[in-house]
Each structure stands twice: as structure tokens, then as C-alpha cells.
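Okay, so chain A shows up in both of these, paired with chain B first and chain C after.
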Partner chain A sequence: MNAPTSDTTERSERAGRPAATPRGPAPARRRRPADLRTWGAFALLTAPMLIGLGIFKYVAIGWSFLLSLSNAHGTIALGQWVGLDNYRQLLSDDTFRSSLGKILLFTVFIVPVTFVVSLGLALLVNRVRRGRAVVRTAFLIPTAVSYVAASLVWKMCLFNGLPAGIANMVGGWFGMDSVPWLQTTDPPLYWIVLVTLRLWLQVGFYMVLFLAGLQAIPKEIDEAAALDGATGFRKLMRITLPMLRNTSVAVLMLQFIAAFQAFDEFYNLFSSGLSGTATAPVQTPLVYLYNTSMGSQNYGLGSAGAFVLTALIVAVTLIQGRLTGFGKGEE
Partner chain B sequence: MTTLFKRLRPGARGLLVGVLTVLFLTPFYLMLRNALMDTKGLTSPEWTWWPAQMHWENFTALFSDPTLHMGQALGNSLLIAGITAPLSTLLASAAGYAFARIPVPGRGALLALVIATLMIPGSVTFVPTFVVVGSMGGVNTLWGVIVPGLFNPFAVLLFRNFYLQFPAEIEEAGRLDGLGWLGLYRRIALPSSGAMLASLGALAFIDSWNAFLWPLVIGQDPSSWTAQIALSTFLTSQTINLPGLFAGAVVTIAPLVAMFLIAQRYIVEGIATTGLKG
Partner chain C sequence: MSAHRPQLSRRGFLGGSLLFVAGAAVGCSTSPTGGDSSGAKTTLNVWSHAYGEAGTQQALTRYAEAFTKANPDIAVKVTWTPGDYGAKLNSALLTDGAPDVFEIGDFSQAMARRGQLAALDDVYGSAKSDFSQGNLDYMTVDGKLYGVKMIDDVMMLYYRKSALAKAGINPPTTFDELAAAAKALTTKNTKGLFVGNDGLGDTPALAVLSNGGDLVTNGKVVFDSPQAAEAVAALKRLADDQSLLLGFTTDWWDPSALIQNVVPMQWCGLWAMPAIKTALGDDFGVLPWPAFKAGGSPVLRVGGWTACVNAKGKHVDAAKKFVQWLWVDQTDLQKDWSESYGFHVPPRASVAAAADKLAQGAAKETVELAAKYGKHNPNTWDSEVSTPFSAAAKKIVSGQGDAAQLLSDAAKQAQTALDKQHT
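Moving on, here comes the complex of A and B:
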């Protein structure tokens, strides 16, 4: 696929910057056509991955797409074609539509908050001189905790509805009455529980991304800014943030994709043994999908939902990428 | 005003860092404290910083209660993450090397097929994956939990970038020694990717250990529960055993916290690589 003569750089020149000729084969093999052994090696090294992705991505998506056009109650067999009925049913279902509204609200909340907090933590940790490792560990270690365990602590301890719950106890010091945090829908106090939980679990991860971005800012730029008298907030807006542009775009995208697929904490905070998630004040699209495909075993409708959500996520990611120019300047 | 702000800042910053550190560590403290208390102490509005008498039996009860399946679930999780982390990383490294180095016609098209799967968001497609794994008889089996998680196109891309920047001269020396492509990968490229393997492997272990939706979908029988599923079932069951729940949380997060403290360098590197190249 690479023209053998395209690479005319001197070897010694190339040696210093291996990344400059990314797609070029190593020099010694330049004139060798792909022989059987080359093919064999390539096949052996890539086959497990290609077959795995083929089955679990391509076959799965293709099959599921056909299912989304069939009546598939309690079966994953194809045959009862119903055209776009599943999509029609899905989009006219109030539960699904409200789940889309709720997840948009959640995303609009959690993405900027996580962004600002993780950036703030990174700036803070970057300035810490003594004990930086300890502080970084403290912020990062919640990343090791699962949503299930965090939901448990948030539901049963921090935001326990009893007066012994931490939030209620702290509120009590200020003369507030105890409230059932997860059940109160007016005002929707459960958002506080959801947002703080995800913040605690995630900001450490994004902080590390920002820290890596901060450390990649050349020292000279920092020094030049200091010479020009740029400090504090001005330096942050004029120098630091523009230099963190790529990191910021990546963080925003990762956050959006993660928020839109929220499931774990919604399931574990609101589900109860008797009624499942039926009494939950808020369902995410994934909770809805889980209930339709695993609860009612309607795989046709579940597949249709998977496609609608995938399309939404891909569309938003592409628009976001276009708006922010992500990927520009890459190979 | 700026100067005043500046003079205040070092002290204020230190205070802020201290408060935040305590705040971030508080849930861990609460988990441990609650796991060692009894129900009466936990529901009492009187605050206790640390139980006067430690109720270690909360932990033994966790494993002796046959309805919780906690012991088996922890074993399953260890097995699942223990297989997924090294195997998925190795598969990605092998494919990444081939895509970076071995020149065969059609390589670009195959790589495009791999990259295209990156567009598909992971959790949303649990229905399609369930359809395929279910049709292969993977429901309620450990392999059904493991296998779909072994193929990480993103890691392929990261390894490809890594091997593209790997100095070709070293490989040339190996080639002169008579090594073929497989030999070059196994003897030279793979042993030089230790840090990369450790970073991505550690992240894969964390992801696999903490995975919830897929194990919930595919493992409905207690024999295939992971630690997360066992804990979640315990949490959402009708009887509430507060100290037991917190003891459960402690045992399910302890392995990861330990790993985190030991391998933090690799985890930090892993996050930085995966995030920035993504």
C-alpha cells in the first residue's frame, strides 16, 4: 500500500524522528513484496481481534438492526417483519421520551460541572509543591470505586433519609429538617445525590488528563507570560486554557459519551427488590432499554432503542467534533 | 486588591487542598466505620466517630450468608478481571503491532474497519451483544461475561501509535539475526512495551472489575454473578442490613484500592495516554 520509493529521506535523518514517517515500512523490507510468511504473520497477529470485533460488533449490530425491524418478543429469531413499527412505538412511548429529556438535563448539568471541577483540581494540584502525590492520590482513588459501591454509600449513608444520614445531620446543624433525598421529587433533590456521586467518582480521572495537559505546556510559554505580567485569572484565560484546548475537547467528548450512557447509579440508587425501577423518579434511556429488553424481553424494541441512542451519540459527537475542530491536524 | 488576594493565596490554597482532600476521602472512612458498627449504632442520631466495639462479625456474616453468594462472586470477579486484563491488552498489542509494521495489501481497509467500531458507544449496544452471546449459549456463563470485553479497538489504535514510534533500527538488528515478523514482535517489540502493557492492563482490570451493566444482563444466575452484581442485589433487596452492606462495599473495593496504591504510576500513565490520544 505504500509506494516503495516514496521514502527518500536519508536514514540517519529519519532515525532521529521515527514518528515522522508513520506509515512507512521499516527500511530493510522496502523492496520485499508481501509474501506468504508476511501474510501469515499478519493474519496470526490480527485474527483474534478482527474475528472478535467482527462477531461482537459487526454481526451483533447487523443482527440487532434486523431485529429492530421485526416483532421479536422473547425471541432473537428473525422473520416476523414489522417494518418501522418498533421505532414508531419507541418514539411515541412517553417513558422513552421522558428518559431522553432527563438524560439531556443530566448531561447539561454534569458535563460542565465535572469539567470545571476537574480543571480546578488539576490547576490546584499542579501548584501544590509538598505532598503533591498524596493529594493527587486522594482525588484519584475514587476512580477505583464502582458505581455500585458508591451508590451504596450515597444511598445508605450520605443521603440516607433518616436523621442519622450525613446530609440530614449536617442540615440539622443549620436547623433544616430531615428529608428523604432520593424520594423527594418536588424540588427534585435526587439530582444532588446523582451529581455529587458522579463527581466524586469521575473528577479524579479527568483531573489526571488536565494535569498531563498542563505539564505538556512548554516552560518558555509560562515564563514569557510571567514576564509580560500575566498572572492569575488573566493568565488562565489567555494562556493556560488555550494551551489546554485539545485536552478540553477530549474531556468534553468523553464526559458527554459517559453521561449519556448513565445506568449504574440510576439503577442502584432507585431500584428496589419489589418494584425494580418502576417507582424511580428518573429513568435514563439505558434503564429504559434494560427494562424493555431484559424485563419484557422485547428484543425488537430494545434493538430499535439501541440504534436510536447510538445515532444520537454519534450525531452529537460528530457535531461537537466539527464545532471544535477535533481531529484537525492529525494524520 | 490583587495584592491582597495574592498574599492570602498560598495559605488559602493550602487550606482548600486540605479540605478537599478530607472531603474526597470521607466516603472511604464512612464505609469502614459503618462496616464495623452494628445496626443500632448506625441508625442512632447520636454521632460516633469510630465504633467503641468493632463488629468484625459483619464481614464473616457476609461470607456465611448463602443468599448473598459473596465469596463465589468475588472469586468470579477475580477470574474475570484476571483473564480480561492481560488477554485484552495482549490481543490489542498484537493487532496494533501488525497494523503498524507488517506491510500487506488491504491493511488500511482492515484498520478502517477496526477504527469504525470506535464510533459505537460501549454500553448502549448491550442488546445487540446479548443477542449474539445469547445465541452462542453464553447466558449465565463466565465466558459469556468475559469474551465480549476482550476486543478493545481503542487499545489497538493506542498500540499501533506506540509501535509506529518504536525505533525501526532495533527491529532491523533483530531481522539481521534472522527473526521473522512473529519473532520480531515476540522477542523485540512485545518485551519493549512493558509500561504500555501495564498501563492499559491496569485500566482494563479496573474496568472489568467495576463493570455492571453487561454482567447484570448476561449473568442472571448467582453462579455467574460478579462482585458488583452480588453487591447490587444485596443493596436492592427488600431487607436492609446496613452494616452488612457496608462490609460488602469494603470487600468489593478493597482489591482495587490495593491495586491502585501499588500501581498508581501505571494507572496515571494509562489515563493520560488513553484520554489524550482519544
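Moving on, here comes the complex of A and C:
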């Protein structure tokens, strides 16, 4: 698995060719009749995946787009075309607009915090000499917990409104009165619950990505830097962070998308028996869309919202890609 | 380390893949119901939300088996659905795996108008007059009946007699008295009243109804009337006094907060009465939500569950037969369902009269109160119409704007949604 790059290339060039056939000098271009077998194998091996992707993703996406242009109440059959009415209704709905505002606020806050915390953890864990695997695993384990399970623990155990709740108990040691964490809107204490939950669940995962990036930094560079007298903070800023650029950009992008798609914890923390999430202090766009489609059965409006949200995610990703140069490869 | 792993040969890989696919195919095609459907021509898929009381799931399965015994050609598969029942049902109704028979909590005329529900007039037969006119009206859309009410669920205020007596408080009869009682019963570590974890629950609608207002009348959204705005705005007092229990581990429909002595007053339902009686003995009483002020009216909410038949299902006739058998004909099973687990009021008058457990003590009191002050939600009150109201109420209670203005905006939005139910 740690084979040098040159070795891998050689093997893939050899793959698919009959071993005994003598060949001339390596062809510069790929697509030659002799490579038909390779293409056949490629098609055979990727077809199940591509067909699945086509049917279950692209056809569904296309259908959903058509739905967004039609009046589809309680049905996903097409037919009653209404043009852009759904989009108009959506963008004039205060609830949806405020949900977009809230998710931007959430993103602007949670992305840098997750980024800094996971990078910091990775740097620390990377310096641990003994038992690194144990430490790494300890931080990674929360990633394997489902959002739903974690939300319930946070809601019922840690941040419930009772004096016996763990957060209130700890607060009580310092003379604080018990507060209902999720229901207090002034000041908005529910953000503490949301942010701590997401950090606990996500930091470990991004930490592992950063660790992989850190371990890929060649020892020679570190040593050369050390010889030149770069240590501590200076080494971090001049050597480590620049060498982590590709990892950082990918992590940022993943975090943006994850933040925009926030649903699970918002839904599970705020849903209440009677009114669903109608009275939640903050609704994310996905929660709004879930209520619209699954609650009110307005699939047309729901699809329109899905496309608005997708457009937003694509736009942010593209802008971020342009600013950070993601996908340009190594210099 | 990976370099030393024995390579998987192409043949081995292919063989393994085929085995896996074959195994998956066999696994997926095996019916999870087991031997239930042997010999039956049709299998009905019946959906139920997860009732909280012990024994309910077994009871429903028992009824289904009894039906198959009486109708050997129809097997019944009961799907018990925990979690967000409404959302799961709505999405399942779009698919081939849609249930043939399902229950819904708040009957919605929109579902009938969209053609999702089958008309059930012929299912009632001669028993129709045994059902209350209120329930029949509730399920009538354009002159046809689209459901059979399985149970009436009464929701009311429970209070601990001892706690109120100790504080020298009489059971409240107006909203002012309720708010004052809730405040007086609030101490550093306990709150006075539990209406729901969001601090609202059903109270906005109760407030409107208790002040002579209404939610929807004759297809017009009217929750923006002055008396409605006055009553909803007054709910802010409960929040400002900090006398509401918030963020409890279970929600208002579960009696744990009352039973565990976390609150002395809780809005809950008749279904919870057996559990409350077991835990508290006679140390509890029931009350309607009090009149907003003199001249208003006390109110209890009557909800419940309605059996419906999927109009687009493959076995509409068999499904109708099942609904008729269980929820119209089998009066003894209806009685069992209504009083052996949680308490519910049987919708058939004759069954209700025979339900002896409901004819004594606090249960009897509740049934009488419900007959006098009980209110159904209108059948136009689906989530698209109710959401703007709940959201506005939340803003009003947390002081984010003027009640009349917020309710008037919400009413416009709700009216648009309501008008769409007819298209």
C-alpha cells in the first residue's frame, strides 16, 4: 500500500495486456484498437456503479427538477405545470429566507471553529510519542456515533432543563440557576448545545484527515527547517501549514458542505411532540424542506427548495475553489 | 503489511461476488412476516404509529390474527412505526410498499381531496348512527365519509391535589388563576406547569378557544381575531414568570414529569390516566384548560386516531373489510383497545356506554368534561395551515413582535395554504 508512485504506474500500464504479446515502444496515445479489452473491462467493472448512479441519482435529480416546476401536492406525478411559482413562493416565504440566514450564520461560525480545533488536535496528537494510536482512536470514536443518538444524549442527558441535567449540575457548583438550554432564546443558549454537539461529532474525523496530511510531510523538509533554525510557531506558519494546503482546502470544502446540509441535530434537538419543529428557535433549510415535503406533502415546493439549496452549495464551493485554488493540483 | 496479504484471484473474486448477490437476493425476497401469510390470497399491510402503552402492539397483532381467522383468505401484516409517523406514512404512500390500511392522528380533508383516501360510507352500515355527529362531520368531505374514528383522545390538565392543597391554591378556573398558581408552585428547583418542551404545546390553540375565538370557521382562517390575539399574547406571562417546565426528557404526552413529582400541573391526555393512577393513587385531579376570563369557556381538546383506507392501494376492498370488521363491528375489541392499555373514549356510543373503567372516578369526570367542553381541531388543520400559527405563537411568547400583527400575517399564509386544499 505504501509502494512508491513509479511502481504503481508501471503496474497499471501492464494491466489488461496479454503478457506474451510482444510490443513496440510504448504508445504515446491511449485510444487504440488494442486497448479495446481494457475499455471492455473498464465498462464491465464500472457499469453497475454508473447505472446505479444514473438511475438512483441523476434520473431522480432530473425528476425532482421537473417536480419543482409543477404543483405536486400529495403526489410525485408530473403534469400540473406551474412554471416558477414554487420558486416565487419559496423566496417570498420568511421562514425559508430566515432559515438561509441562520444557516449562513451557523456556517460562518462552525466552519472556522471546527477547522481550528481539529487542526490543533492533529498537531498535538502528532507530537504524542507514546500511545498515539490510543489518543487518535479516542478522538475518532465520536465520529462513529450517529447524529440522532448524540442529539438525544445532548438533549436528554447533558443539556436538559432540569436541575439534575449535567450542564445545569455543573453550573450549579458555580452558583448558576438551572436553565432550559435548548429553549432559552434570549440569550440564545441553544447555540451552545448545537455547536458543542457538532464539534464533538466532527472534530475527530477532520483531525484524522489533518494527521494524514501531517504524516505525508517529508521528514527532510522538517529537518532542513530545523537546521535553518525554524522551530515552534515559525515552523508551523512557514512549513507545516503551507505543506498542509491541499488537506486544508479539502477539509474546508467538506466542512462547508456539511454545515449547509445540517439537519439531524437541529431536527432531533428541537422537534417536539405536537408541533414538529414549527416552534424551533432555529430551522435550517433542510429542516424546512423536510417539513414541506414530508409533513405538508408539498413535493413541488420541497424540490424547488432543494434546488435553491444545491445552487447555494455549488456557488459557495466554486467560490471557495477559486479563492483557494482547489483542484489545481501540485504546483 | 498489505503486501503480504494473499491476492484474491479473479475467479475467486467473481465467485465470491456471485455468492454475495445470490445471498442478498434470497435475503431480500424472504418475507419478514414469517408464516403469517400461508394460504392467504391477499396480504393487507396495516400501519400504526407506536402507542406508548405496554401491550398495545401485541393487542393490535392479536386483532389482526383474529381477523385472519374469520377471513382465511386475507392475511394482515401489522407495521408498528416508531418515530416520525406522519412523515414516514406520507413518503410510504407514494410508493408500491404503501399501507392498505393506516391510521392518522389529525384527520385532514386535504388527503381525501387529493384522492389518497378511499370513501368509506358503505363500511359504516347501520352502525353509523352510533357514532357521534361531531366525529362524522369531522370525517366528511363533500358529503362522503373518509375514515372511521378508532378512538377519541381527550387532552386535559392534570394536577396534584396534595401540592395545590399544601400551597393553599384552589384548582384554577380562569387563565389568571392558572398563571398565578403556576407561579406560586414554582420554586428554585421545580416548575409549576408543564405544557410541552417547547413551552407552547397545545396552549396557543387552547388560549384562542378559551377566549371565544376559533382557528378555522367555514373555510376561513380566523385565528387572527382580536380575542385570539389577546389570549395568545397573554401566554407570554407564563414564559416571563419562568413557571413553565422546559427541556424535560419526555414530552407533554408522557406523564413522567407529573409522576416523578417534577411538576404539580401538566397538560396531558386521558391515555396516561392508568399510569398516573398507578403511580399517584388518588392524589391527582383533572381540569379543563380554564376560560381565558369571565365570559370565555373552558376547553379540552379531543383528538384521537382515525382508520383510513389507501385509495391507491392494491386491496381496497379487503382493506375496507378489515376496517369494517375491526373498527365498526368488533365492539368487544374496541372496548379492549379503549380501556385495557391507555384510556381512550370509544367513538361508538354503545361501546362507550359499556366501558366500565371509564365510568368511574377521574376518568368519568374527564369523559363528562369532554362532552361539555371538548373541541376537535378542524379537518382543514393540516401541518401547512397550523405551522404558521405555531411559529407566530412562538414569536409572540418570546416577545419578538406584536401579537395582532404576527397572527394576521400567519393567518394570511395559512389561508393561502387552506385555499390550496381545494385545488
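General remarks:
The definition used in the following text is that the second predicted complex is superposed on the first by the 286 of 331 C-alpha atoms of A that agree within 3 Å, B and C clash if a C-alpha of one lies under 4 Å from a C-alpha of the other, contacts with A are read in each partner's own complex, and residues count from 1 in each chain.
Note that in this section contacts are C-beta pairs under 8 Å (C-beta built on N, C-alpha and C of every residue); 3 or more make two chains touch, one makes a residue touch a chain.
Since the structure is predicted, the reported quantities are computational estimates derived from the model, not experimental observations.
In the superposed model, A:279 makes contact with chain C only, not with chain B. Using the contact criterion defined above for the overlaid structures, shared-chain residue A:163 touches chain B and also reaches chain C. Contacts of A:181 after superposition: chain C is touched, whereas chain B is not reached. In the superposition on chain A, A:266 makes contact with neither chain B nor chain C.
Within the superposed three-chain model, A:294 lies in touch with chain B and with chain C [touch as defined at top]. Once the two complexes are laid over each other on the shared chain, residue contacts for A:106 go to neither chain B nor chain C.
After overlaying the two complexes on the shared chain, residue contacts for A:212 are found with chain B alone; chain C is out of touch. In the superposed model, B is the one of chain B and chain C that contacts more residues of chain A.
Of the two partner chains placed around the shared chain by superposition, neither chain B nor chain C is touched by A:96. Comparing which residues of chain A touch chain B with which touch chain C, the overlap comprises 1, 76, 155-156, 162-163, 271-274, 290, 294.
Touching chain A in their complex are the following residues of chain B: 2, 5-6, 13, 16-17, 20-21, 24-25, 27-28, 30-31, 34, 42-45, 47, 91-92, 94-95, 97-99, 101-108, 110, 113-114, 117, 119-135, 147-148, 150-151, 153, 156, 164-169, 171-172, 175, 180-182, 185, 206, 209-210, 212-213, 216-217, 228, 231-232, 235-238, 240, 242, 245-246, 248-249, 252-253, 256-257, 259-261, 264, 267-268, 271-272, 275-276, 278.
Within the complex formed with chain B, the residues of chain A that make contact are 1-2, 15, 18-19, 22-23, 25-29, 34, 37-39, 41-42, 44-46, 48-50, 52-53, 55-61, 63-64, 67, 76, 121, 124-125, 127-128, 134-153, 155-158, 162-164, 166, 169, 200, 204-206, 208-209, 211-213, 231-232, 246-247, 250-251, 253-254, 257, 260-261, 263-264, 267-268, 271-274, 286, 289-290, 293-294, 299, 302-303, 305-306, 309-310, 313-314, 317. Within the complex formed with chain A, the chain C residues making contact are 1-3, 84, 86-87, 90-91, 93-94, 110-111, 114-116, 188-189, 196-202, 245-249, 251-253, 262, 382-384, 386-387, 390-391, 393-394, 398-399, 413, 417, 420, 423. Residue ranges of chain A in contact with chain C, taken from their complex: 1, 3, 71, 73-76, 93, 95, 155-156, 159-163, 165, 177-178, 180-183, 185-186, 270-276, 278-281, 290-291, 294-298.
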